[in-house]
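Each of the next two complexes has chain A plus one more chain, namely chain B in the first and chain C in the second.
Up next is the complex of A and B:
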């Protein structure tokens, strides 16, 4: 048991490899602190993980196995860390396979060098059973995200990645299409000057009004009197006053500001600004996608931590928090031994039950991961598409749809991975809103232009936010899981920086490595 | 690389950079000196080429070196003993220019050399060059050097203009703020879709498509001038054709005058009259709107003047009965077809829509003025003036330009309505500039009072028949610039800003016929042999 030669004392022990945890681990190591980063899973990321197809099956299987009763004697002054995190937070997992027409792969064996498409794609029709085994045979070609997220090109996450040079471990792909689906019709949202120029969906006068409004939106200053006024009205009302057609209002409300009917004008303007400020640097959309999936981002931070001396232990659980008389934390018990630490950083899902308030306002989101055979919008550019599917009657919150193709390394050639995300709020039965979208956007037969779904995974995640954990020892810091309602990483980054500043006031958060001057600055 | 902070350099780094700079300078000077020596020694060989390359790679903008290089290349190619293969040599040169363009993508010398190489080293793969252009234009879609070069390569490849046209559309859709791309379109379209009727630059259907395209750009960003310039090309030249507007004989001077609606030069027009010789402009410039010739004999009954212009010829007959005088009714706006008028009206309508949304936008204001003038300058006179006033407010840097346009427009309106009694009045217009002054040439009485023509006095040179000139209230400080009108008998100069009568009188030296001067509204000065007698009135 004690055979593992881990040091027994640290500045920081980080339990869980979610994004916030990983950024904190990187920042602490970077600041010269001794860090131990552990995760009871064999993989990185918890609810941020990116899985191949087999891993997904494994993950679903894990949810089904009964909770292992820990027969450890509760020792005085020890707090059990909760187990079965996923089980408590993930619910309603459903998966289904459907028959359909898919692109035939030339060589199915894993060691083949399928460069694909030399002789043009050959289509074949498969039954649900056949498809199930087909997906399994391609397992490693899938990178399926539990919590897919994008980066604003000029957003704070990109700034942090560049400044800390964590960006060196990552590759990105620009999102190609911003789409909006209203009344069953999918349209390309013109969001840059060149889009507005080329689009045929709005009249020239509307083009002027749209461009004027886009410029106008960017002119609002945070904390100004004008913005204060904007707290009082909804963004939808604000747009209605702008003398623009309903179509254009929808573009701005749902796609550019990614808001809904309840969003205040102030928030809508702020969100639109984030979007518009990132336009024009990487194609015509403001977003970039991390190749190989969202989990790459947190793994890159872990790598930085390791480069600066952080110790990494996957597949290792922390069992107790050790607290002393003064109510502060001494460290964690793992593998029967005490690992001491000045600070413990821990996923909210692992925080001992008695500190967690699950009564108050919480947020939950629904997810679907679809594997399909065609793009949802064939008229767009080849590549990643981000679509919003609003419900104009406010019966549900808007659904965010992210479609990835093989370029983004999410699936084999000829397949598409479609992520659906929505807030769990107004549905009377789970995934009721998804069903509506699927009926609109996808087809069950392969006759028309619409794609068919060959695999569907749905699950619901309850988010435990740090603010729901109270009375924790001063030196224990809880980290929220992925938040469904923002498409980017901003809130997690902010949370990580706050934790870091609380632990090490005055220290710089992820500064640029000194040796950068010697790093060849090609490109 | 983005996101990198510019840091204050430490002294050590600055010192290091200074040394690097010095070393670079020394290298450059040494190289230049070496080349000069080798050139003097007539060592025009590969070694010299090597030194030249080294210097050019550091500084691609030394024209002398590019020229010397060309000289050597021609030598190497013509020397049979050398056995230089033009293709290999050419490829080498292309590589050199490529590395130079990496340092300065807008190096005139490097781009020119590249073009010269294609012309002088036959057999190079032009397809590669075209692909390179596409690559460069992806990096900087507004590099006009590269656009120029591309056009050159395309002309050598004899590519179909259709392909290039669709390429320009791709570039415009990426970012329409691109003069080069629009310009290229204006060169390609007439090749593919020339207008058989010759009224428009391109055929009807395509013309409408292009108007739609440009309208989309204008409404997306009305402040982007590139699209507006393209629109101006599309609607064609909106000014009347060069034409002859008047002709008359001055019998006492034995001169024949011929006036044009704008400046003409003898390489563009031909004036023929058997009785007249020595055609020249009144300003004695090569180019002018009022031409005259000497008449040997003024006793004839009729004089025929033949004028050949670019598009047509005109034969003018001047007869004794009509006082040897002919004048066309003035026309300052183009004659446009009904179809074109409809197009312009539609375009004007979009400008107006834009202006409804944003009243003070320069390009729609200015373009609409041009269109209104072409459609019906008289009907739109108030709108034109209002818009010019708005332009003066929203584009203050060009306030004088708009003033000038207003002056021109006011003068045109007045000339269109001037009486045919040999007098001309441009009074009370607050003019600063004097356009169309050739129209004043036959007038005996000219009233230019109540303007601000101080800077435009030289233009009065066209008033060749003028006997009585009124320049009252023109903020004049001096008459130094007033042309010596030989027939001028009286001049009125009241309410100006002259320092003294004496200065004024010395300025009036050389007016051989001048005898009466009205200096103040209450004072007439009679000049007798250059001695002034003032009478209070």
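Up next is the complex of A and C:
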């Protein structure tokens, strides 16, 4: 049908709609290249997708279906390579529903924006079975992220969004609270100067030391002698030398630098600088959250690509890479036909097995998506919270917790969505670290201050990075999956820019459009 | 200059490829028509002030940017829109038949339950009509949508379509007033987002 109307030759074919792929597609279209962007799924984003509740159930079902092996006899001088996702990257999927007390929703069939007579929220107690059907009935009110991430307000991603004007498709919300949970106690981390002044968790003397240290941290220059020295010690050791209490050390180590015991001082300082440089613009934290979820960012790049002529084709797979005898790629096979391209950009998960090295350092991570009924820190401002949960006496890496409420368009009013992210622990049972956090932060009965969990989804993602793919044809470019162990988008943006520069050296990456089309015309 | 504007409304134009979506948009916003307009490239959205019945609004009218070809419009395209124009070509029965699919996609993704829909039969300047006015009107009634026939080429019905749509939106309670309960940030808006640091920041030496 309409698929036959696809042109058969392109400058770039992009297979997969992950973030790196989408940025590359936008940059190439923007540079005037003819781009085809395709994805075998019906939705955008692959492992970066944002789903409503029903979509999550569908996605879980998809992960359970076995992969079909495709093969085809070689045709004239073209070597065909299987490009089906070589191995499932998502594993250990578990979901559970629990009974609990939740806010009763007003009649959802009517427009919920108009609230008639405010009698305050009505609570009701539901069983696990009732909650399961309740969640399904609000399916579209949920925007659940597979790979939740935040933007530094003064970070490179925001700069790129502004410069390319992709920002016009996006809206953000400031993160309200930076929290730290140590020994079961949750505290608000003072981040801005005014926070440091007003905090009650540190003494006056310490405030001065903290103030001095945070100012000092910013004076380190990259590539300086001083910084070289910092490669040799850990950030934790560095902080121990600073005359500050353990509490304050934890604030800086875990929350401000988002580091762990292994982080070098040089890296810790750099990470703290990124954090501190973005403070003071949008409230008292450095972070903003893309309204409706992480997937919005990549969809916005896809929109830019389309505006500049990129052709979008979802629900269509590329089945084979076609290579010639010289070892370079001619294009991809899809629906039995050859689509030619100068360059093929492809998700690492789709790269043929023989090019993938699964050894080496892994960035694989564990995820949990919780739906809860109260905020984890009632003493904080209403809104989005980012919490770090370190393990002081075990080998686990800190867990990152991101709590979203209905303002962030992640869930209906009265509910909260809590994302947990941690490094995939090698020698333990899956989600052991999450269980500890959950026991500390959440409650199973509804009599206390602590929130209860009504829905829990857990899964593990094996990340394949571009550096794990080798000997690919020189005109085939692999894109890493979401690297959730860092909270921001920086590494994906950097990777996309590198791929673009490799394909089109000398061309500008996502320049500002000349005189925009939407100069308001007056009536 | 800004004070007389009641609000900004997001309007979508959807429908099959080649029915004249971009042409309607360009005719309305710039009073231009390009006979040879083939596939849409480089049209994102356009804004225009419109005054009707004493109310002035700014319209942000979003084009599909060609993403309708293989039905790959992103969910974000539909978000927060107050009005949708569903276009078919009166000389193409298939483009009319496909409106059902477009309506269900709109229902699936639109975030406002009471979004105002308008069905527009375009290209009435052409002779080989396949869809009668009655059929178009019946379809629109069945889906509680406004209806008009137009020609982007001759200007017929274009201004009127947008005016009627805007009037209906303004009359719909809860659709356009203070659309957000919380303050969102547009990172490219210097004043709103305050790109200049306040004294809470660590770049400020005032303390």
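To be clear about the criterion, the second predicted complex is superposed on the first by the 481 of 523 C-alpha atoms of A that agree within 3 Å, B and C clash if a C-alpha of one lies under 4 Å from a C-alpha of the other, contacts with A are read in each partner's own complex, and residues count from 1 in each chain.
Everything that follows uses one rule, which is that a contact is a pair of C-beta atoms (placed from the backbone, for glycine too) under 8 Å apart; a residue touches a chain by one contact, two chains touch by 3 or more.
Source: prediction; values computed, not measured.
Student: Regarding the shared-chain residue A:212, is it in contact with chain B (first), chain C (second), both, or neither?
Tutor: first
Student: A:158 in the overlay: touching chain B, chain C, both, or neither? Say first, second, both or neither.
Tutor: both
Student: Scan A:194 for contacts with chain B and chain C and give back first, second, both or neither.
Tutor: Both partners, chain B and chain C.
Student: Between chain B (first) and chain C (second), which does A:353 come into contact with in this model arrangement: first, second, both, or neither?
Tutor: So A:353 meets neither chain B nor chain C here.
Student: Tell me the contact category for A:136 with respect to chain B and chain C: first, second, both or neither.
Tutor: neither
Student: Let me test your reading of the model: by the given contact rule, A:313 touches which partner, first (chain B), second (chain C), both or neither?
Tutor: A:313 contacts chain C only, not chain B.
Student: Tell me which partner touches more residues of chain A in the superposed arrangement, chain B or chain C.
Tutor: C
Student: Please work out whether A:204 is in contact with chain B alone, chain C alone, both, or neither, and reply first, second, both or neither.
Tutor: first
Student: Looking at the overlay, does A:128 come into contact with chain B only (first), chain C only (second), both, or neither?
Tutor: In the superposed model, A:128 contacts neither chain B nor chain C.
Student: Which of the two partners, first being chain B and second being chain C, lies in contact with A:425: first, second, both, or neither?
Tutor: Touch status of A:425: no partner.
Student: Go through chain A and flag every residue that touches chain B in one model and chain C in the other.
Tutor: Correct list for chain A: 158, 162, 193-194, 281, 521, 523.
Student: Residues of chain A touching chain C in their complex?
Tutor: 2-3, 5, 44, 110-111, 113-114, 153, 158, 161-162, 165, 167-174, 192-195, 214-215, 218, 276-277, 279-282, 284, 288, 291-292, 296, 299-300, 302-303, 306-309, 311-314, 316, 383, 407, 517-518, 520-523
Student: Would you tell me which residues of chain A are touching chain B in their complex?
Tutor: 158-159, 162-163, 193-194, 196-198, 204-205, 207-209, 211-212, 281, 512, 521, 523
Student: Which residues of chain B touch chain A once you look at their complex with the stated criterion?
Tutor: 1-5, 173-176, 215-222, 350, 353-354, 357-358
Student: Touching residues of chain C toward chain A in the complex: what are they?
Tutor: Listed in rising order, the residues are 29-30, 41-51, 56, 58, 60, 65-67, 69-72, 74-77, 79, 112-114, 173-174, 179, 181-182, 184-188, 193-195, 197-204, 207.
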